[in-house]
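Dropping the structures in below, format is C-alpha cells.
Shared between the two complexes below is subunit A, which pairs with subunit B and subunit C, respectively.
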Partner chain A sequence: MMWIAAIAALALAAPYAVYPIFLMKALCFGLFAVAFNLLLGYTGLLSFGHAAFFGFAAYVTGHAMKEWGVTPELGILAGVAVAAAMGLVFGLLAIRRLGIYFAMVTLALAQMVYFYCLQAPFTHGEDGIQAIPRGKLFGVLPLDDMYVLYYVVLAIFAIGVWIVWRAVHSPFGQVLHAIRENEPRAVSLGYKTERFKLAAFVLSASLAGLAGATKTLVFQLASLTDVNWHTSGEVVLMTLLGGMGTVLGPVAGAFVITTIENYLADIGAWVTIIQGIIFVLVVTLFRRGIIGEALAFVERRRRQ
Partner chain B sequence: MVTFFGVPIQALMGQLLLGLINGASYAVLSLGLALIFGLLNIINFAHGAQYMMGAFVAWMLLTYAGINYWLALLVAPLVVGLFGVLIERLLLHRLYKLDHLYGLLLTFGLALIMEGLFRQAYGISGQSYDPPQMLQGGVNLGFMFLPLYRGWVVVVALAVCLAVWAGIEKTRLGALLRAATENPALVRAFGVNVPLLITGTYGFGAALAAFAGVLAAPLYSINPLMGSNIIIIVFAVVVIGGMGSILGSVLTGFGLGLVEGLTKVFYPEASSTVIFVIMAIVLLIKPAGLFGRAN
Partner chain C sequence: MSSTLAPVGGVNAGLTEDWIIRTQDLTKEFKGFFAVREVDLRVRRGTIHALIGPNGAGKTTCFNLITKFLQPSKGRILYNGRDITRDDPASVARAGLVRSFQISAVFPHMTVLENIRVALQRPLGTAFHFWRSDHSLKVLDGRARELAAAVGIEEFSETPAVELSYGRKRALEIATTLALDPEMLLLDEPMAGMGREDIDRIAGLIRQVAKGRTVLMVEHNLAVVADLSDTITVLARGQILAEGDYHKVSGDPQVIEAYMGTAHA
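What follows is the complex of A and B.
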C-alpha cells in the first residue's frame, strides 16, 4: 500500500515539475496499454488492431464535440460506446480463430477501419479533425485550464486502471487466467470460454476507446496517426517493454516510449528504428519487461 | 464501343489485368508466408520489409553498380535470402521453444528497423525503376492493350508459384519438408538435419518475397512503406485461404487480386477494403479458411 500512496502523491505533484501535456499523453497511452494488456497479459490474446478502437473513439469524440457541440463527458461517452460496439463486432469475428490467426485478423480488421477513416468525409482525411473545443466538464470544470485538464485526465486514467485491476482480480479474471494457461482445460471444466474471451475483448476495446477519447481532449486533434497500424504496434511494444504480467507494467512502458518519442521526434525515422530495436531486445533478452524483471529481482533478493 | 454492364470493355480488362498483377504479388507473398509458417510456426511480419528490400536492392544494383534487371532478378533474392538466413540463425532460432506470438513480435520489430533504415536513407518520396528494354511497350490484343511488362509479371509469378508447388509435392527435398512440417522430431530421428531445413526454408521464403519485390519494382514507385502496405493485405489473404495448401494460397492470391480489380471498376470506394470484408465473411462461414483444415 505504501508504494501506491507514493505513486499517487507523485502523480498529483508531477504537473508542477514536468510539462503537463507530455504527462497527459503518457497517461493516455498508459491507459491504452493497460487496456490492451487485459487481452495480451491476462487472456493470452494478441490483438494487433487496437489502434482501431483508440483512434476511432478519438474521431467520434472529436466529431461529437466539434460538430454537435456536446459537453466533454458526453463526447467521451460517445467515443467509448462506439469503441465498445466495434469491439463486439471485431471480437465476434476474431475469436473464431486462435493464436497467430487472431493477431492477423485483428490487424486486417483494423486496417479496414483505417481505410474507412481515410475516405469518410467526417474524419477530414489527411487533415484530421482539428481545433476541437475542450469545453467544460459537467458544465463546470473548465478544461482549457491546463491543471484542471491534467487532474481530469489523471482521474480518468485512475478509473480505467481500477476497472482493469478489478476485472483481473475477480472470478471473471480467474477464468481469463485459466484460458490463458490452458483453454481446453477451461472448456472441460464447463466454462464457455468464447463468451469470456469476447467479454474481455469488449472491455479492452472500450477502455482503449476511453484512452483515445481522452487523448482527443488533450491534443484537441483526432488524426489518421491514431488509427494507423503503427499505433497498434506501439501499444504492443509499450506492454511488452513494461511487462505484460503486471497491471502497471504497461504504464511504465508507455512512459518510456512516450519519452523516447518526445526527444527523438525531430530526427526522422529514428523513432521507428529504435522502437524496432527495443522490440528485438525485449523479445530475445528480457521477456518479462521492466516491471516484471524488477519484481523478479526483488523476489530473488528476498529469498537470499 | 463494347460495354459490359455499362463499363467499357477496355477499362474492365485494364482493371482486371491490374488486379491480376496485384494478385501475383499476393500469391507469391502468401506462398512464402505459408512455407515459413508450416515449418517454423512463425508468422513472418518482416515479409513485407523483405519484399521492399528486394525492390530496393534491385534499384541499388542498377543505380550504383549498373547491374540490369535480369541479373537483379537473381541477385536481389539471393542477397535478401542470405539476410534471412542470418536473421534465422542469430535471432529466430532462440524462440522456437516459446509461444508462437514471440516470433511475430520479433519479426515485427525487424520490419520496423528495416523500414526505418530505408526511410532514413531514402525518404518516402519513392524511386522509379524502368522496366528492361526488352519488355517496354506493349501489344494490342484487339479487346485490350497489354503492356508487355505487366504480362511478363503475371506469367513469371504464375511459373514461380507452380515451380514451388512442384518442388514441394514432387521432389525428395519437398517430401522431407512436408514430413518435417508434420512431425519434426520423427524426421530428425531418421537422421535428417531439420535445423538446416528450417534455416533454408526461412531464407527461401525471404528470397521469394524479394523476388516479388523485384517484379513489382518497375510497376510501382519503390518506397520504404510499400512492404507494410502490402503485408497487411497479404495477412487477410492468408486468413481467407488458410495456410494448409500451397495451390490454395496461390489460387486465393490471384482470385482476390481479380476481385479487387473488379471492385475498382464497379464500386471504387470499396476497392481498398473489399479484401477485408471478404475476410470477415469467410470467418463467419468457414472459420478455417477456404483451403484450411480445422486446426
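What follows is the complex of A and C.
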C-alpha cells in the first residue's frame, strides 16, 4: 500500500517538475503497454497488430471531435467502441491459431488497417488529422489548460490500469491463468478456452483504443505513425523491457522507451540501434524485465 | 472421507442403458495409417475398465477420440446412449466425462487450493466476470480443502503445484477431476513413471473414487491393472485383440504374443 501511495503522490506532483506533454505521452504508451500485456503476460498470446487498435481509435476520436464537434468523452468512447469491435473481428479470425501463426494473422490484419488508413479520405493520408480541438470534458473542464489535461490523462490511465489489475485478479483472471499454464487441462475441466481468449483479446483491444484515443487529445493529432507496424513492435519492446508478468512493469518499459525517444531524438537513427541493444540485453540477460527482476530480487531477500 | 469422494449426482439411476460408453466402428486414420481401426468398445456403467496394449497400439488415440480431443475419421461414440461424435471437448467434460492426461495435468504456478478451485468455480457462473474480485472465489475454499484432504494432500494447500512430488501431483489431478463430480473418469496412464508405493496409493485412490462412478483407464502394463479392473480390453495395432477379466486376457495366446512375453512382468 505504501508504494502505491508513493507512486500516486509522484504522479500528482510530476507535471510541476517535468514537461507535462512528455509525461502524458508516456502515460498513454504506458496504458497501451498494460493493455497489451493483458494478452501477452496474462493470456499467453503474442499479438503483433495492436497498433491497429491504438492508431485507429486515435483516428476515430480525432474525426469525431474535429468533424462532428463532439465532446472529448464522447470522442474517446467512440474510439474505444470501434477498437472493441475491431478486437472482436481480429480475435474471431486469429484466436484459433497458435503461437507464431496467431502473431502473423494479427500482423496481417493490422497491415490491412494500415493500408486502409493510408487510402481512406477521412484520415487525410500522410498529413493525418491535425489541429483537433481538445474541447471541454463533460462540457465543463477546459482541456486546453495543460494541468487540467494532465490530470484527466492521469485519471484515464489510472482507470485503465485498474481495469487490467481487476481483470487479472478476478474469477475471469483465474481461468486465464489456468489456460496460460495448461490449456488442454482447462478444456478437460469444461472451459471453452477460445471464448476466454477472445474476451481477453477484446478487452485488451478496447484498452489499447482508450490509450490511442487519449493520445489524440494530448497531441491534437492522429497520424499514420500510430497505426504503423513499428508501433506494434514498440509495445512488445516496452512490455518485455518492463516485465510482462507484472501489471505495472509495462508502464516502466513505456517510460524508458518514451524517454529515450524524446530526449535522445537528436542522435536520429541511433535511437533505433539503442532500442535494439536494449531488446537484446533484456531477452538474453533480464528475462523478467525491470519490474520483474526487482520483484525477484525482493523475493530472494525475503526468503533469506 | 468416502462422503467426499462419493458422487453427488453422478449415477443416473433412471437410465436402463447398461453401457455408459459405446463406440461403433471407431476409426482414426492419419494419412493412410490407421491408429485406431473399427473399434467397438463397450464400457459397463459402474465398473473399472482398463484399456491396455503395447506402445503404439492406439490406446491414447482411442482415449482422445472418446474425450473429443481428436475427431474420428469414421464411426460413432455414444455416451449414455446419446451420440457425442460431433461434440467439442469442453462440452463433453461438462456432460460428466472428465479425463486426465499422460503427463500430469496440473496448473504449475497455482497453489493446490487454486488448482482445485479452477474446477469448482465454473458452476458459480462468474467465470467471465472480469470486474469482480477473486475474493468471491473464497466460498469454494472449504470444498477445495475437503477434496485436497480426500486425496491426502491437505497440508500442501498453499503450495504451488510445481513444488509437489510426482505422486502428489497426480493426487492433485484426481482431486481436481473429482471437483467436477464427473459421472465417468478417464485416466490416461495414471501410474506411469511411479514408484511402487505411489502406485499402491494411486490404485487405492482409484478404487475409492470408482465407487458409484465409471472409470476407464489406459495402462501400458497389464500387471498394474490386474486386481484393479473389472474388465480389460487389449488393443494391438489399433484393433481390439482380446477382452475380459484379467485371467481370461492374460491367458490369451494372442495377448502373450503381442506383449512378447512381457505380459506377466
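Definition applied: the second predicted complex is superposed on the first by the 304 of 304 C-alpha atoms of A that agree within 3 Å, B and C clash if a C-alpha of one lies under 4 Å from a C-alpha of the other, contacts with A are read in each partner's own complex, and residues count from 1 in each chain.
To be clear about the criterion, a residue touches a chain if its C-beta (ideal position, glycine included) is under 8 Å from a C-beta of that chain, and two chains touch if they have at least 3 such contacts.
Quick caveat, the model's predicted, so the values are computed rather than measured.
Partners subunit B and subunit C fit side by side in the overlay (superposition on subunit A).
In the superposed model, A:Thr272 makes contact with subunit B only, not with subunit C. In the superposition on chain A, A:Val283 makes contact with subunit B only, not with subunit C. Rounded to the nearest 10, the angle made at the CA centre of subunit A by the CA centres of subunit B and subunit C in the overlaid structures is 80 degrees. The wider contact with subunit A, measured as residues touched, comes from B rather than the other of subunit B and subunit C.
When both complexes are overlaid on chain A, the residue A:Leu109 reaches subunit B alone and has no touch with subunit C.
Contact with neither subunit B nor subunit C is seen for A:Leu31 once the two complexes are overlaid on the shared chain. In the superposed pair of complexes, A:Leu98 makes contact with subunit B only, with no contact to subunit C. Touch criterion not met for A:Leu149: it reaches neither subunit B nor subunit C. The gap separating subunit B from subunit C in the superposed three-chain model is 10 Å, by closest C-alpha atoms. In the superposition on chain A, no subunit A position is in contact with subunit B in one complex as well as with subunit C in the other. The touching residues of subunit A, when paired with subunit C in their complex, are 163, 166-167, 169-175, 177-178, 181-182, 184-193, 195-196, 199, 203. Residue ranges on subunit A touching subunit B, taken from their complex, read 46, 93, 96-101, 103-105, 107-109, 111-112, 115-116, 118-119, 229, 233, 236, 240, 268-273, 275-280, 283-284, 287. If you check the complex, the residues on subunit C that touch subunit A are 67, 69, 88-91, 93-94, 98-101, 105-110, 114, 117-119, 121-122, 124, 126-134, 136-137, 176, 180. Within the complex, the subunit B residues that touch subunit A are 37, 41, 43, 91, 94-95, 98, 100-102, 104-106, 108-117, 119-120, 228, 232-233, 235-236, 238-239, 269, 272-273, 276-277, 279-280, 283-284, 287, 295.
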